[in-house]
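Remarks on the structure that follows.
First chain written, first letter: the chains are A, B and C, and each begins at residue 1.
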Amino acid sequence: MFVKKRVAVVGAGMTKFMRRAQETGKELCYEAVHHALDSSGLRIDDIESVALGTAPDAFDGLHMKGEYLLDGAGAWRKPYSRNFVGGGTGVFSPIHGWWHVASGLFDTCLVVAEEKMSTCLPHPQAAFLTIFDNLIERPLGPNLIWIFALEMQRYMQTHKIPKEQIAQVAVKNKRNALDHPSAQIAQATTLQDILDSEVLAWPVQRLDISPVSDGAAAVILASEDVARKITDSPVWIDGVGWNLDTTYWTNRDLYFPRYVANAARMAYSMAGITNPRKQIDFAEPYDPFDYKELHHMEGLLLCRKGEAPKLTAEGVTERDGKLPICPSGGLLGVGNPIAAAGMMKVCELFWQLRGEAGKRQVAGDPRTAVAQAWGDLMQIGTVVVMRG
Amino acid sequence: MSSESIKVEGDFPVHFRYTAGLAGEKFLREIKDNARLVASRCLKCGLNYLPPRISCERCMSRLEEYVPIESVGVVAAVTRCRYDPEGKELAEPVPLALVRFPSAHGGLIHRVKGTVQVGDKVRVIFKEKLSRIGFILDIEHFEKVR
Amino acid sequence: MTKQIPQPWGTPLKEEALQKHNVLTVDYKPKVKYAWASGIAIGRFLNGLKDGQIIGTRCDNCGRVVVPPRIFCEWCFKPTESWVKLPDTGTVNTFSISYITADTTRIKTPIIPAVIQIDETTNAGLLHLIENSKPDAVKIGMKVKAAWLPASERKGSITDIKHFAPVR
């Protein structure tokens, strides 16, 4: 097998997710890293390499954002690199870190993800204008929400999914987040609240969307021998996958994220998962909008195409259900500082698989879980499979 | 059939509001309220970071102690800037210097009054209190110490 | 043995704190503008729009006919050299009824963005707008036709097509 060293997560930390933080991006990174080091008992000198993920420089308004954040990320005079794959960054970052250790090049790698979106005015969404084709789409005056609305509409119409079943995801995740100490807008919302919220671009309504956030999260990776010295319960990254589809998004059928399925197959194959539906105990798919959780459940091959809304309606995806989905509260409940949001899901897998998730703990001694992120122009799927 | 070369124009319709941050807030407030420089101190490594920051780059401890820094430093590097950020020639070149302070690890870059050379002692000159708003330009310039 | 995660750090601010300068900030507006060359394929596409014609390309390897046109097929990774004149009709693949503009300003009369699959292509669509007098009547699968600006007003832009309107 091409993996030289098995890779484990041995520590995790994150900041609060906030609508606007006083901390600079550097300071947010530091706060997350400090807690990751603290939780594992390691010192910064034990860290041989640092891999950092952060989404557009345009949010924080800083050129070469990766280099700017380095000091807070503990990367002073260390081998350091930054990755950026849009919303996929948060789960791509541990993959980027995984390369460092699995290759045998380093025994430890600190992985950090950060975003400070509140810097961008009048609204971070304005920075997304540039995601549309500069030559033949921007002149139409598009809004980022259009992309989601177009994808959501196609998904709903292809499978004839009523809006209520989709809105149920927002209710579940916002409620789950009440038990997450970092949560930005955890609340006991009702289905009616979601359905009554302002229509922005039908079928998208305001409460279908996760909030804009500032925040950072970090995990520490170690090779097998070193991991076993640090902790009695390392959490193994047994599968990694990433896959991108074409930027010609108007040439694709948006009802199914093929590239997520491709990334999932890559990760499952590496992890020896042949029947994800049975072998995955819980999952953290990327949920920037409520329908995305469903879209991604299907992309992760956890159920048949079009089946995810039914599983949600039946309660299968609740924390005490047969297949808990987003027990953390997801982006909808905890917040969405783009890169840090995906990393939050990886942290959640770490805590859940060690039985350290407190009130969020899913029942039944979970052993195997999957985290996934998504982004760019609806292009990338990034997937990690972890085992406790 | 038309065949001219077509160019499409666009801009980037955002602006930014940066918070000074936890350490930056302390640094700029000291300048605003007391016309003095402060650094943050790592008790473990014995370094006074200027400009101050909340974490030591070497041991990653959280830095909570702030110490005042002397107002006279030494020029480590100097240059004269002849063009503005858009490439237009300035009416008067602007001299800039990197100044290091004896008790601090780091230094400050700012405008210099008159001509200085590397090794010259310079003093930080602050604006009048009423003009100070908690901004790096509350420092007027560095001035050579006679 | 490791420790449980303590309470997370972070100093949340309310908008008022920033407005009242309780917290120090620095403002910056970047002065950047861009002028993009439209390239070979989109250059021809935009020139085609100026002439009231939608242009696509065919990959001679896999046979796909696509719009917007491109000088290579990204599936086969081979150059595409066949330029195809396409009809200005198509089918709605997906759409949205939008009450917000690009900078999130709210509007009363909705805009209807849509992906319109152009006829005679291999399921290739374009992002455009649907004529918005009857938002409730818009359906996936609806047949539409481009409404062009008069020739004298066209300048080689996607907006040379005003919108797509339902075909009666």
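The definition used in the following text is that a residue touches a chain if its C-beta (ideal position, glycine included) is under 8 Å from a C-beta of that chain, and two chains touch if they have at least 3 such contacts.
What you see is a predicted model, and the numbers here were worked out from it, not measured in a lab.
Asker: Count the touching C-beta pairs: is A-B or A-C ahead?
Answerer: Looking at contacts between chains, A-C has the larger number.
Asker: On a CA-centroid basis, which chain has its centre farthest from chain A's?
Answerer: Max centre-to-centre separation from chain A belongs to B.
Asker: Based only on mean CA positions, could you tell me how far chain B sits from chain C in angstrom?
Answerer: Computed value for the inter-centroid distance: 43 Å.
Asker: Between chain A and chain B, tell me the centre distance in angstrom, where each centre is the average of that chain's C-alpha atoms.
Answerer: Centre-to-centre distance between chain A and chain B: 36 Å.
Asker: Between chain A and chain C, what distance separates the C-alpha centroids? Give it in angstrom.
Answerer: It comes to 26 Å between the two C-alpha centres.
Asker: Multi-chain contacts only, two chains or more: what residues does chain C have there?
Answerer: Counting only residues that touch two or more other chains, chain C contributes 11, 13, 18, 23, 28, 30, 34, 36, 38, 46, 103, 157.
Asker: Can you list the residues of chain B that touch 2 or more other chains?
Answerer: Residues 8, 10, 12-20, 22, 24-25 of chain B each touch two or more of the other chains.
Asker: By residue number and range, which residues of chain A touch two or more other chains?
Answerer: 20-23, 34, 61, 122, 126, 129, 134-135, 139
Asker: Can you list the chain A residues touching chain C in their complex?
Answerer: Residues 10-23, 28, 31, 34-35, 38-41, 61, 122-123, 125-126, 129, 132-137, 139-143, 145-146, 149-151, 153-154, 157, 181-182, 199-204, 214-215, 230-232, 246, 248, 250-251, 253-254, 351, 356 of chain A touch chain C in their complex.
Asker: For a test of understanding, state which residues of chain B touch chain A in their complex under the given definition.
Answerer: 8, 10, 12-25, 53-55, 57-60, 62
Asker: Can you list the chain B residues touching chain C in their complex?
Answerer: 1-20, 22, 24-25, 28-29, 86, 134-135
Asker: Quick one: which bits of chain C touch chain B in the complex? Just the residue numbers, please.
Answerer: It comes out as residues 11, 13, 18, 21, 23-38, 43-44, 46-48, 50-51, 103, 156-157.
Asker: Quick one: in the complex, what on chain A touches chain B?
Answerer: By the definition above, chain A touches chain B via 20-24, 26-27, 30, 33-34, 37, 43-45, 58, 61, 71-72, 74, 76, 118-122, 126-127, 129-130, 134-135, 138-139.
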